[in-house]
Structure formats: structure tokens, C-alpha cells
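In the two assemblies presented below, chain A is common to both, partnered first by chain B and then by chain C.
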Partner chain A sequence: METTSFLPLLILISSLIPGILILLLREEQAVLRTFLNIFGAVAKVGLIAWVFAGYLRGEEYTFVFNLALDLTFTLRVDQLGLLFASLSSVLWLVTTLYAIGYLEGGQHRRRFFAFFSFCVTASTGIALSGNVLTFFIFYEFLTLSTYPLVVHRGTDKAVEAGRTYLWYTIGGGTVLFLGVVGLFVVAGPIYFGQTEIIAGLISEYTTQLTILFFLMLTGLAVKAAIFPLHGWLPVSMVAPAPVSALLHAVAVVKAGAFGIVRLVYDVYGIGIAEQMNFLSVLAVFAAFTIIYGSVRALFQDDFKKRLAFSTVSQLSYIALGVAIPGVLTSTGAIVHLVHQGIMKITMFFTAGNIAETYGYHKISQLNGIGRRMPLTMGAFTIAAFGMIGLPPVAGFISKWYLGLGAVEAGSYWVVFVLLVSSALNAAYFLPIVYRAWFCEPEQEVVSQLRSGRLETQALLLIPVVVTGLLSLAAGVFAATAGSPLSIAREIAEKLYLL
Partner chain B sequence: MIWFLTIVLPLLAAIITAYLPTGRRGSGIIFAGATLPALWLGLVDVPGVTAHWFLLESHFSLDTPRQIILLLTGILWATSGLFAGSYLKDDVRKGEFSFYFGASMAGNFGLLISAEVAAFYTFFALMTFASYGLVIHSRTPSARHAARIYLVMAIIGELFLITALYLAVQSSESMLLASIPPALAKDPNGPFIFLLGLIGFGVKVGAIPLYFWLPLAHPAAPAPASAVLSGAMIKAGLVGWMNLAPVGLVEWPSLSILMVSLGFTAALGAAIFGLTQIDPKTNLAYSSISQMGIMTVLLGIGLYGGIPAGLLLPAIALYAFNHGTAKALLFMGTALPAKVGGYWRILMWAGLGVGVLAIAGGPLTGGLWTKYMVKTFLGETSLPGAQTFLLLLTISAVTTTLLLSRFLHLLHKIKAPSENMAPPFLLPWILLLLAGGWWTMSTTLLPTELMNYITKEKGIMAFFWNLPTNWASLWPITLGVILMALSLKISTLNKWSLKKPLLPAGDFLIIILMAGSLLAKLLLKGITLLESGTKSLQGPEKLFYRISDDKRASQISASAESMLRRWDVVGIGFFIFFLTMFILLR
Partner chain C sequence: MTDLPISPYPALLVGLPILMATLSLFFRTRGEAIVGIIGSLLTAGLALIAFVEVTKMGTVIHILGGWEPPLGILLRMDPLASVFIGMTAVVGVFISLYAWRYFPAQEATNGRLPLFWPLWLFLWAGLNGLFLSNDLFNLFVTLEVIGISAVALAVLSGKSPALSAGLRYLLAAITGSMAYLFGVALIYGSTGTLDLKLLSQVLEPGTTTSFALLVITLGLMIKMAGFPFHFWLPPAHSSAPAPVSALLSALVVKGAFYILLRLWMEVFGVSLTYAAGQLIGLAGAIAVIWGSWQAFMQTRLKLIVAHSSVAQLGYLLMIFPLIILAPGVTADSADWLSPVWTAGIYQVLAHAFAKASFFLSAGIIIMALGHDRIESLRDLVGHMRITALAIGLAGVSLIGLPPSGGFMAKWMLLKGIFLSGQWWWAPVVLTGSLLSAGYIFMLLRLAFAPSREKAPFRPVPKKLEVYALLLALGSFLIVLPADSLVQFLESSEIFGSGIETILEGGINGND
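Up next is the complex of A and B:
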């Protein structure tokens, strides 16, 4: 094997250690806590950038730790993992800033920030896992570290939501565990990318491997919120805005989607999955979820709930892209991992800003909010246009690749699904945009819950503007080297070369 | 560099002018300045560029027809920008107007200079969605209604368009617009892909049966915005068609006949329907639908084969140029009668008269030779019934004259100010009159090849002074004017109402709304049935936990009801229904 490098471990530690230290601090030590948080976040972004640069130079980073015979804890850097790790680290940095502003003067901040750090450690761990076992460890670690965040408010509703969340995710984890153990028994340890192992065994163990695929897929589908396993997602939006933002954009749901990508591309291999007709099943479920989530979103008046159902729908774009074989659809799926993240986090920040500044939680209250919070709503408008798939926002790029790929693969029904979904996205996002910019506010003067010199507190405003601009930039500069699209395209091209 | 400035300057202008307070001057000059790169590109040939960093790698370049339309677009945005600068100086929503105006301008220029699919689609969408802000500008209930219908139709158009582009790009295996027509010509699915594009862009063009948003939306905007909507932005759909149409490469008789018949239906039907309207701007909107019909006919005969694209497409662009300048002149002219007094009114009426004549194809105007080009092409095509088409074209000159003299009559009824005065926005209007007049009557824009073709190599001046041509164009107009004058003078024939339109604007919409509300009722029934069915079962969310809120189901059905009553939902439902049927039947 390659030489061992501690860099991947260092990336994980950069958020794990601050998390532990924060737990040891007292609640009042806000300055030190903030320092630790920001230090960890910046260090992680820096380390990932460092590793990324090294990776582009052709260096390999692998960390192996033997747990038992044949069972290894492996961290390995590859392009797909790096893409996901960069996404989580950058959005973590932004969300940390946001959370500091959001929770100012709130309760239990020590607990919150500690688990917040653990949560990101887990999602970077998922990104950098080199084999199925390591992936599973971090996947479960993620479940446990997000629970305290979901129930953070401690209200009955939050606890109830937390219970639902645990039911779903622990259930999914159990199913995934069965799959992972079964796979180990049948095929031995599998490192990501070693698709030849399954390819060699598939004729001998067809039934077993089929069952195991669907066990693992089901386990992952819970976090990826594929119908009918999505029930936890709309409920858990009771969590504070930064948590919802991170949950919906990178941490939990993306772990599921990323897992599906890994399972199909790096464990079973696209060839086997297609040959065994696994993909068509996934495609049908994903397509149904896209439409179902959008239809449900139409009927929500609660801002965050509408966003939550929209997440259900948008995530399945990734699954759908994975399920249609072809370079273009794979590119679309992988790039949507990133694009959906930055667009959705913008939307949740917006919802949080409005709720914190004016106390509005319902869409019907948003008349004329654009004039009061032009920058926040501007960012939201960009993200909403992106979700609909309008250029030049990031979402257009994903949809363009998915649609073009579907046409190329001859799956015209997928194009139809994309169109219906675009129409539905427009039907539930444009009314928000319309209310914000073109309706007169009901009262001329409204008191602000939090006042600042800007439209809201700077720490709440800057993150939303940054992610809004990122959503725009990811679309406008899609052809530039180093853009999410160019990386996704490289990954997809490599997949089909093999 | 100039290619990027063409797009970036209008965007900058949008942002700067949005912050100019109400009552401040300067936004007109800023807008006019932002059009300079576009005007330059419209007049001077500049080699194209590739932007490797932009979207999915964009190319910017122009061909003859698009260059002509870019010049038109530049002139219209410059003059209407100046016009808007003083016309809306004291408007409370001046800042918002300026923002949407500049953004629409950027989109309009951008789509004309894009030579690649993704950039084209981007700027097309930018223009479409930014001009929503122009339509809704006055915030009156009728403007909101118009804007909503505009938006729903725009989204439906975008969806057809993106499907057409997916298929076209797949078929041509290239992102370049120029490679699409040859690819469609070869592809057995070519006609189908073109049909999708025909529908997608047809919404913008106002083609029958997708036009009904147009007579609501174009007049709803303030006068300078209506001018660019009806003069420049409507042409974006035409450019889209021209980008896709494999003119001269194929023989698609059924599509050709479809386009020609829809075109003539629009040319005659819209002009006649427009007569029932009492708002001068609505009259003009119907006239736009009618004129776009003639351009649809021209493109339609191109799909029958036999006419090279090099001749036909510039001819269409020139027709669009003449119509665009004249229509913008008339739209901005609707703001003048209430503000212009004394001697200035002579100038105003003269200008309006020239505009009307140019659209109707009157003697000594640009309309004379653009209409003559249509006649030439109609005479040369092997399309069955070409002789009838020539007759229809002549009749359409009569109906257009009727419609536009009705328009002048309506303007005449507006109370004039008593003293001798001219508003500052008369100046850009005169500039537009001069610019439009110069370019439509000179030969600068006319490609040599096309000029030789239509004037039979005798030169343009000989053509202008040719008595038979002038006579052929004069008598339908005279007939129209006489008919209108008679109907106004003879009281038994004077049924023209000035208070209420005989028929509502947006005619076809009424039928759709009725069908839509019927469908919505049926859907509601279906939903209530389904809900009562699923209540006994456990919904998918209830698999793992019990719902705490029992009222939810009833709330959902209540909100479902109110949502379904709203007609934009119905419109989307319609679209889904249509597509399903289409796929089933294919």
C-alpha cells in the first residue's frame, strides 16, 4: 500500500479537538469558544485546500489503522471525497459564523457548538473514508452527533422531532449495518474503487449481492430522504436555522446521497449496477420522490417546511442522476451534491434571518419583505431561480447535465420528470419571490427583534450573501477550471473510462 | 472586450440607476450610454470571441440577421431609455423600474450576441424574468393579473424551450447555435424538435394560439417599457426561431403550412380583433401580434424549401427592423397627446402618421420595401396557394390600416393641453423617428445580395420611385382609411365604443380560464375522494410515528382548494396534462 499520511486524520482532528475542548469549557467562556470554533473551521478549510493542491500534483494521502484482522480504519483522499469534504468544510465555516450570530445570548451554546463540531467531523469523515467499514462508522457517528442539535431547543415539539429522527436514522443505520456486514462476509473488505471484487463475485453470489445492495441502499435512502423514507426530514426542521441549514445542505442528507454515489460507483460499479437492473429501481423511486416532494412543498405555508419538502425533492436529483448511466448524468449527480448544498443553505439562512429579525415564520407573512431585507431576499431569489433550474445559477448547470444525459441515454421520461419538477419548483418558490418584491407590506412600520446598522445583524447577513453569491458563481463560472462542474466532470469521465 | 461590455454595461446601469432617487435626472443618459457597445456591434463587424470561463464555455458572434436585429434593439433601448429617464422621473417606483429595465436590456443584448446554446438560454431567461418587473410596474390589479399570466406563459415557454434545446444539442452534438439547423435537417426527429422550439419561442412571439398574454402584458407596462417589449423583446422569440429553423436545407411541408396558416390567422384575426379595443396600447399590442404573423409566414415558407437562408433570414430581420422601430415609435407616442401642445402637435401627428404608414407598408417608407420583399418571396415559393397568400397579404394591409387608424382616432380623443408645450421626452421620440426613418429608408442595412434579388439589380432608388409598386402599396391603405373615416362619419355605421371594449382583451384566455376552472373543479373532487380514501389508510409519513396534529388533513385539503382555484396552478396543470397526452399519443 501507499505510504501513510496523517493529513487526512489532521483534517478530522481540526474539528474534533475544538469540539472536545468546547465541551470542557464553561458556558460563559464565549470568546474562547468562538475562537476555537473559528480556528477549527479555518484550519479545516486550509488543510483541505492544502490536500487538494497536493492531490492535484499527484500525491496520495492514505491513513490506515488496523482494527482487527482484515478490518481497517482507512482514510483516503480521492477526488469525489475531496469535493464533498471541500463542500462541508466551506459551508461549515460559513454556518459557524452564522450560528455564532444566531445563537447570541441563547442557552446551551456549549453543547450546541461541541456537537456542531462533531457533526462536521463526521461528515468530513464520510467524505474521506477509504472503505465501507470506515464509512459506516462515520455514518453512525453522524446520526448520534446530530441528535442533540435537532432537539437543541428542548421544547416538546423538538423532543418529539428528535425521537422521529432517531427512529428513522437508527432504523436506517441498522439496515445499513446488515448490508455492510453481509458484504464483508461475502466479499471481504472492500476499498472504495475496487469494483472488480464485486464484478468477480456477482455471477456466483447473485442473490446475496442483490439483497445486500438493496439493504445498503435502503439504509442510505433514509438519510437521502427518498420516498417513503423521508418522513424525518420535514419534522426535524424544528431545529434552529443553522442546524437545519447544515442538515439540509451538507451534513445528514448529503451523507445519504454521497453514500448512494459511493455504493453505485465505487463498490458495485456502474456496470454491474446497470446490468443487474438495480438502477432502474432507484430511478423510479428517485423520480417519484422528486415529484412527491415538490407537490407536498406546494401546500406548506410554513417557510422552513416548504424548504424541507423542497430538499426531499432536490436530493433525489442526485439519486436520479446516479440511476441513469452515462457520463453526463453522473456529472449532473455529482455536481448537484455541491450545488444543492450551497443553494439550500442560502434558503435556510434566509428563513432564519427573517424569523430572527421580524419573527415571521409563514410565507403568507412575507409581503414586502424584499424592501426591508434586500440583500437577504436577493440571495434567496438567486437560490430560488437556481432551484427552478434557471440560468445562470448553479441549479441550471445540474439540470442541464441531467436533462442532456437523460436524452442521451434515451430516457425521455426523465426529461419529463425534470420538466414537471421545474414547473412545480416555480410554483412553490416564485410566490415567495413575488410576495417579497411585488406585494405591499401589511404594516408600514414593524419592530425588529434584532436591530443592526444593516438590515439585520452582520453575522447573519454575511453568510447568506456569501452563499448566495457562491450559488451564482458556481453557475456563471461553471466552465472555469476548479469549478464544481469541472471537478465533477473529471470524476465522471474517470468512472466511465474504467 | 466589446462583447462583454454589451452585457455588463446594461447590468451596471441597472444597479446604478436603481439607486438614483426619484426626481433625479441622469438615468436616461446612463441607459443610452449602456447601449453604445450594442450599437457599435450592430454597425461594425467585430470578430467573435470565446469565453472559456463563462457558463459552459460561451461563444459570442453575430451573423447578418442577428446584427440587423441587434442594431434595432440597440436603437430602441437607447431611445426608450432616454424616454423613460424623463417620462418616469417622478415615479415613486423609478428605482425598481430602472433595475428591471437595465436587466431586461442586458438579457436582450446578450441573447442576440450569444452564438452558443447555454448563454443564449441564460440571457433569454434573464430578459423574460426581468421584464416581469416592467409589466407589473404600476401594481394595479389589472397589471398584476397581466403579469401573472405573463409569468405562467413564460414558464411554460421556458419548459418547451429547454426540452427543444436538450434534444437539439443531443442531435447536433455541439453547443453552437449555428450547428443546430443542419443537424435538425438531418435528424428524423428534426420536425418534432423544431415544433417544440416553435411552441417555446412562440410564447414570446405571440404566435397563435399562445398570444393571449401579450395584449394584457404589453400595454400594462409604462409607455417606454411597452415600446421595448413590443419592438425589441418580442423579436427575441423570432431570433430564437431563426436560430433553429433549417431554412433552405429541408422540405417540411406540414410544418411550413402550419406556420403559414397560423401566421395569416394572426395577421388578419388579431388586426380585426384589435378593432374592438378602446385602449390605444392594446390596439398596438394586437397590431404586434398581427405583424409577427407576417414574419411567421415568411419563416414558414422558408421551411417549404427552395429559398436560401442567406436571402430569407436577413429579409425577415429587415421586416422586424421596420416593424420594431415603427411600433416602438407608436407605443411611446401613446404618452404624447396628453403632454404635447400647440405647434408641437403638428410634429407629433406627422411622426405618428409616418409610424402608421411604415407598419402598413405605405409608400416612401421602409414598410414599402419590407412588404415588397414579403411579396417577392411569396410569389417565388412553390407552396400551394401562393396566389391566395398574396391576396391575403393585401387584405392584411387593409386591416392593419383600419386597426392603426382606429389607434390614431383613439389618440385623437385624448384631451390636449391648451398651451404650446413639449415634454422633454419628445426629444428621444424624435431621435427614434429619425433613426428608424434613416435606417429603414437607406440601403445601409440591406445586404447587397438581397437588394439585387428584390430590386432585380436596378438599385434601391429606382425601386422607391417606381410608380406601380407605390400604387400597389397605396390603394389598400387608402381603402382602409376611407373605410374608417366613413364608419366614423356616418352615424349609423359608427358603432365604435370609447368607454368599454366590445370584447375583452386576451380573448382566447377566457376560454382557457373556463376550461381551467372546470378542470380544477374535477381535480378538487378527485382530491377530496382520494383524501377520504387515504384517511382510513396510513399515509406514508405515518409509517413510523403517529401524527400529532389531527387537523392537518383538513388543513391540507383547505389549502389545496385555494391553491387549485388560483389559475397559475391550473395553467401548470394544463401543461402537465398536455405533455402527458402528447407522450401517450406519440
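Up next is the complex of A and C:
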């Protein structure tokens, strides 16, 4: 194919090598470990920016390595992958800073940061995979690298959650594996974007390809937390806040959602998927999950649990957008990959900050917290407005495109689902905002973590402010060239060119 | 046949370990170990040289004493044999290095265990001989050598659980050998030859051949602990000292599989029937599910690992139905066979490395804890991270997650399953993976959990941990040369031109 470039590989190595080096360090070498972490994170952002710039100039970046026999390891840069990779790398940088602050003085930090690095390696690997096999390899690698993070605290509850997490993800992985091998046998090694291969085979192998589609979809739906395969996500809330932030905003759930996007758009092709009625099945499940997740979120008093069920709901916007064909819905789906990421990570940072600073885990304890932590809660409020879909925050853009696209496609029921979901979003997020700003605190608590004039440690505060502002910026500057929306729009338009 | 290049290596590969084994008998204590480790290193080195020779020259032969067959014995080292010999050498050398440090460290608690080194070298000679044998009777002899030394190794500790397990092992081994020998006698009676090459040409389909194939297959299945003859394996493999468990699980059972593979693919093509294939596949499938489930239910580490072997060997049996297509299903070419045997070879290699590593790790844990009840593995990660990593990596390969050798095997197996149209085996592979994930992660879950007692782990020699880790890494590294390995194997008759036998057999067998 095109000329081989080591840049995509370098993007992966920028977090893989620091991870390995951290494992080799001693627990006490905190300074060196922090340096490696930040160096890797900054290098990754820089490399992706470099590649992105090159890609916009029209350069191609492909790395091919023949693993064995017909198994080819391929990394290839395309717009969709770059969007996801940028999201992962920027949020990784932010989360790394956050985690350094959050875990200060904690145990097993060497293990934590090493697997944290492996995790982001897997997630950028998923973003840059050029074919189904490579995607699958990183998809499984992600499962393995996140497990030690889920059980990090080592409590019985954490270990139990880790078990649930593994049963779901390994089960999903095996089903996906079956689908991937089957696809390989029927259609050969498929590179993302070669939708003509399936199009040529669909009439001859209708049954096989239908079964394979649903096998792969099921495998991906586990990580994308689509009902009834979402059970692991609320349980995994026992993990430390930076892990929840990373799992729920970027790595695991997005791997599933991104996989569904790839499967429909770049493997089977939107035309075939629509023609074979695959999409209507996906739409039904996604719509149900949106409502179900929101309803469950309403009844959670545990802050992180409420956020988790909200994630279950929000993620299915992506699947729903994929399931309704049309440029606008596709734009909505792809842009929501990014928007949901930055908004939800803000919320988890908030939950982490409150828990670390005041020890509050329940929503009922949050009365008046906004006065004590104005910046954190300010960021949370922005994100919450975004989730509800209020302009001009990022979430509004996603919902606007999804709704508009649904109307255009004549699927009015989708608009109804979006409206109900928005109402539910408001019903479970606004009370938190209201409590925080307008309720009187029940008692005066003095935090240990207040450092000087800041409301909490600087390393915990900066990330949440940054992602809060990003959520706002992604909405306000949506029309500018280079915004997530404009990129998503370009990707979607290319999809329907054929 | 005699136009093949003649080489001294096949004879040396059998002779050298026998020589060193005999030599070590003359020494006591440390002297025996020194001769033993030297013998191991020399045999391994020789095996690798021979391996390289075969990659360059192709199949080589050696005629013992210059007597031509059928009077003399001909040793043939083709690519398939050299892959198995190479595997035995690499895994064997790590186990030897481990044993070199393991036994002295164990002496304090268990007393000295004599005779490990001579028995292991005899076993090695038997394995090499088996891989090199070219006729049914020599195969029998080598099987016996392997069986006897393996049983003796299994009862090395002299403790009563080991002795009773060893007795069962011995009975199974003898029954297996007798069944095999009976089949061989039938073949000899009807054809007058034992030479594999000749047999593949003169064997005619019929009741005698079919019956002979049946008893031979049954005998070999007993030897490789195929379901429902797996009963002897878990107690025997789990009660032996760690290096012995590793040898038994990683290498010894593969010998019987090797013969089975050779006979089915190279010799008995004419008598293979679809039903026979399905039946042996069913046995494999049950072994996969049953073995994994049993492993999941165990509470002692070595029993988990031993039951896991039953399951992993089941995958090997599952390749046999795939080489015979269903009646009415025709294949234009032998394309579907390549993934099938690649799956077999990779399963053998991946299991050898991963399982050897696993048993060695179990030995380290027993050394550190004094027992192997898994609830004591709590906080293994904190205390012995190299061993924890080795168990993790070996486990990943056993589950079949990418990019391990086990993944390669499962990928190819599933590919073969789809290509041969026998999709009903796919759920078995899936369930097996899930169950194996169940027991592996049960261990890892404990390894990450916080410990209730303070420092229950006694220190162990670091080198032992490193050997186990290297073997675990080996189960990943074997994926890298896959391309050349498959090409190399394709150059042998069994997977190259010999495939025609299968194709013919597949058609003949469909009546």
C-alpha cells in the first residue's frame, strides 16, 4: 500500500515504554515516575497533533507489520481514528495530572501508573487500528490493562467488581473473537473503509454475514454498555476516581462505541447495514438503553453510581446516531464520541474532588458544596447543562444534530426518545446543581486538603476546570474549522459520498 | 527413501541423552546433578543444531548400524519431527535449569530426591526417539521408554498420594501401550510391514485396518489423557515435584499426540471416516468443557493447572474431525487443512511453554508458602511480582488472548472450523475460553487481593522465578516465526504432498 510510516507506532510507544519503565522503577521513585508519566502524555499529544497536521496536508500514515501468516498488524491514520486518538491523548494528559494529585501518598502507585499507561496505549491502538484484527488485539489488551485498575484498591468489594467486570468483558471479547474469525474466513482480512468487500459478498453469504454482524455487535455492545450488557459499568464504580473518569469517558466504553461506529461505517458500510435491517435492531436497543439508563440514574443517591447510569444512557446516543442513517445523525454520533468524553470526565473529576476534599460520596450530602468549591462545581454545572442539552454547551450540539437528522430521516420516535431523555437528564442532574448552589450546608466542615486560597489541591482542580472549559468551548466554537463538530461533519459527509 | 541425505544427528539425539543418563548413574548427589545438567545442555544444543540442519537440508535420515530397513532401524528427522524436537529442547533446557536450583533448595524440607537427572535424560531420549521413529514398532518401544521413565519421575517424591497416583498412571500407561501394540500386531498381520511410509501406500480399507486404527487411537488417547481416559492425569501431574509436573504436562503427553497426528494424517488416510473424526472431536470437546470446569472448581493450584491440561489437550483432539469433511461436502483444494494443522502445532507449542511455566510457578509458590491452597495466593503481586507476571502471561496464552501462541492456535482452530463447515465446534472453543478465563482470573483476583497475614511468603531463589517467566514469554514469542514455521512444515510430506492421502481418504471415507 502506501509508504510505511513509524509515526503511528511511535504514538503507541509514547505510552507503552513509559508504562514498562514505570513497572521497573521502585515504588519510592516518585519524581522519576511522574516525569515519565508526564513526558509520555505530552509526547503523545504532540505526536498526534503532528500526525493530524500531516494528515490535513494530505499525507498518509500506515504502519504494517506481518505478525504471522495471514494475521497482519496494521496501524493506519484516518480522520475518525485521529478524532478518537486526540480525545484519548488529551484526556489522558489531563487525567494523568489528576491521578498524580489524587493518589498522592497512596499505595501501589507504580502498578497503577504502569497499567494506566498500558490502558491508554490500548485505547490509542484501537483508534489507529487499520484492520479488524488489530482492533481486536487492542480491544482485548484494553480488557487486560484495565483490570488491575478496577481492583486497584484491593478491597473485597473492588475484587468482586473486578470479577464482574472480567466476566462481562472477557465474555464480550470471546463473542467478538468468534465474529472476527468468521468474518476473516468469509471475507478475508478487512481493512477499515473497504466496505466494498462486504457489499460484494452479501448476496452470496447473507446468513453468515448477518450472524457475524450480530456476533461482533454483541461483543462490542458489552463495552459500549448497551442494555442488557451494561451490568459491569455501575459495579466498576469502586475504582479510584481517575479510573472511573478514564473508563467511563474514554477508554473502555468508548472502545465499544467506537467499535460499533467502525463496524457499521467502515466494515459493513452504512448502505448494507441499512438494507439488511441491522440498524433497526441497533436503534431499538440503543433507544431503550437511553431511557433505561436515565431512569435508573434518577434513583441513585451515590454520586458516582448516578454518573455511571448516566453514562450508560449517554453512550447509547452514539449507537442511536449510528443506527439512523443520514449525514446529520452520523455527525451527531461521531461528535458525541468526543463531547460525551469531555463532559463526563468533568463530572467524574468533580465527584473525585468532592470525595477527596470532604469525603462526601452521596448526592444528599452535597448541600451548599458550590460555595465551598465554586470552581469544581462551576465546571460540573457546565457539564450537567451540556448533558441535558442546553446551548451553548457541547452536549447541545450532539443532541441538535441527532434530532435534526432523525426528523430528516422521518424517524420521529427518535426525537421523542431524545426529548424524554433530556427531561430525565434534567431531572437527575439539576437537583445536584440546585443542592450545590442554593441549599444551605447542614454543618460546617473544614477540609484538610485546602491549600492556600484554592478550594482543593491544585492538581485536582486544574483538570476539572480545563475539561469544564473544553466542554463549553466545544459547543461555543462548534462552527469554527478544526472543532470536533467540523471534523465529525467532514467524516460523515465522506461516508455518504458513494 | 534412502536417497534422503544421511546425517548423524538423529542417532546422536537419542544416544547422547542415554549416554549422559547412564553416566550420571555412577555419581552421587551433586555429581549426578552436574552430569545431568551438562547432559541437558548438550542435548538441547545438539537438538538446535539438528533443527538448523533440517531447515537447511530438508528431511534427513540415519540408518542405525548401517542395516537397511526392514532389518535395521531408520531414524527420520523431517520438519515436523524437528519442530517437536526443538520444542522439547527449549522447554526441556529451562526445566533443567530450574531443576538444577529447585532440588537443592527443596532438600531442606523434602530430603534429597535421587534419580531425577537420569530418569529425565532417559525420558528425553525416549521423546527424541519417538519423534524420529519411522515405524510402528519403534514408536511402541519409545512410548514404553517414555511411559516408564515418566511414571518413575511421577513417584519420585515417594509420598503416598504420589505413589497411588503413580500406580494409576502406570496402569493407564500399560493399558494404552497394550491397546496400541494390539493394533500394531493387526496391521503387521495384514500387511507384513511396520514402516510408516510403506504402510501409507499398501494399507487397504477394510475391517482389519479400521479396527486396528480404532485400538491404536484408543491406546494413544489413553496415553494423552483424552476424555474419557483423562482420570489418571490430574493426580499424577499434580502430586509430582514441580519440574516433573512441568515435564509431564508440557512434553510427555505431546508424544502420544505426535503419533496420533502422524498416523491420521500420514498413514491411515484410507480408513478415516467422517464418523470417526466426529467421535474423537466429541471426546476433545467434552475434555475442553469438563477439564476447564474441573479446573475452575479446584482449590489447589497444582490441581487447577493439571485439570487445565486435560482441557488444553482436548483442543488437540478437536483438530481431528476437521481434517475429514462431511459426506457431500467437497473441497477444491487442501486450503482448509492448513489452518487445521497449524492450530494443532500451535496448540502443542503454546501449551508446552505456558504449562511448563505454570507448573514451575506453582513449584515456586509451594516453596514460598509450603503448600498450594489458592486462598493463600493473596497479595502474590505484592510479594512475588515476577511469578505473578509469569502466571498472568501463561494464563493469557492458555485462555487464548492476543497476541499469544494460544491465541494463534484458537484463531486457526476457529478458522479451520469455519472453513470445514463444521461450525458446531465453535461454541465449544468459546465456552472453553470463557471457562479458562474463569480459573485464570480466579487466581489473578486473589493475587491482587490484600493479604490478611504479614509476609506469609518465604524468599525463593530469584532465578527460579526468571525461568518461569522466560517460559511464559516463550508462549508469546512463538507467534513471531509463524510464517517461516508454517512454510517449513509445509515442506514436509505430512503437510505437503502427504495431504493428498487425506484428500483421498476424505473421499474414500465418505461411503
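Structural remarks
What we mean here is this: the second predicted complex is superposed on the first by the 489 of 498 C-alpha atoms of A that agree within 3 Å, B and C clash if a C-alpha of one lies under 4 Å from a C-alpha of the other, contacts with A are read in each partner's own complex, and residues count from 1 in each chain.
Everything that follows uses one rule, which is that a contact is a pair of C-beta atoms (placed from the backbone, for glycine too) under 8 Å apart; a residue touches a chain by one contact, two chains touch by 3 or more.
Remember, predicted model here, so these are calculated numbers, not experimental data.
If you put the two complexes together on chain A, you find that chain B and chain C both fit without a clash. Residue contacts after overlaying the shared chain place A:V185 against chain C, while chain B stays out of touching range.
Shared-chain residue A:A245: touches no atom of chain B or chain C. Once the two complexes are laid over each other on the shared chain, residue contacts for A:W400 go to chain B alone; chain C is not touched.
By the touch criterion stated above, A:R111 is placed in contact with chain C alone, chain B being left untouched.
Vertex at chain A: the C-alpha centres of chain B and chain C lie 160° apart in angle, rounded to steps of 10. Of the two partner chains, both chain B and chain C are touched by A:G171.
For chain A, the partner with contacts to more residues, out of chain B and chain C, is B. Shared-chain residue A:L144: touches chain C; no touch with chain B. Of the two partner chains placed around the shared chain by superposition, neither chain B nor chain C is touched by A:I126. Contact with chain C, but none with chain B, is seen for A:V159 once the two complexes are overlaid on the shared chain.
Following the chain A superposition, chain B and chain C show a smallest Cα-Cα distance of 13 angstrom. Residue overlap on chain A between the chain B contacts of one complex and the chain C contacts of the other covers 163, 167, 171.
Against chain A, the residues of chain B that register as touching in their complex are 51-58, 118, 121-122, 125-126, 129, 133, 136, 139, 144, 147, 151, 155-156, 158-159, 162-163, 166-167, 169-170, 540-541, 543-545, 548, 556, 559-560, 563, 568-569, 572, 575-576, 579, 583. Remark: chain A residues 160, 163-164, 167-168, 171, 227-228, 231, 234, 298-299, 301, 385, 389-392, 396-397, 400, 403-404, 406-408, 412-413, 415-416, 419-420, 422-424, 426-427, 430, 437-438, 440, 475-480, 485 touch chain B in the complex.
Note for the complex: chain C touches chain A at residues 342, 379, 381-382, 396, 399, 401-403, 408, 410-411, 414-415, 418-419, 426, 429-430, 433-434, 437-438, 441, 444-445, 448-450, 479-483, 486. Residues of chain A that touch chain C in their complex: 66-69, 71, 108, 111, 136-137, 140-141, 144, 147-148, 151, 154-156, 159, 162-163, 166-167, 170-171, 173-175, 177-178, 181-182, 184-186.
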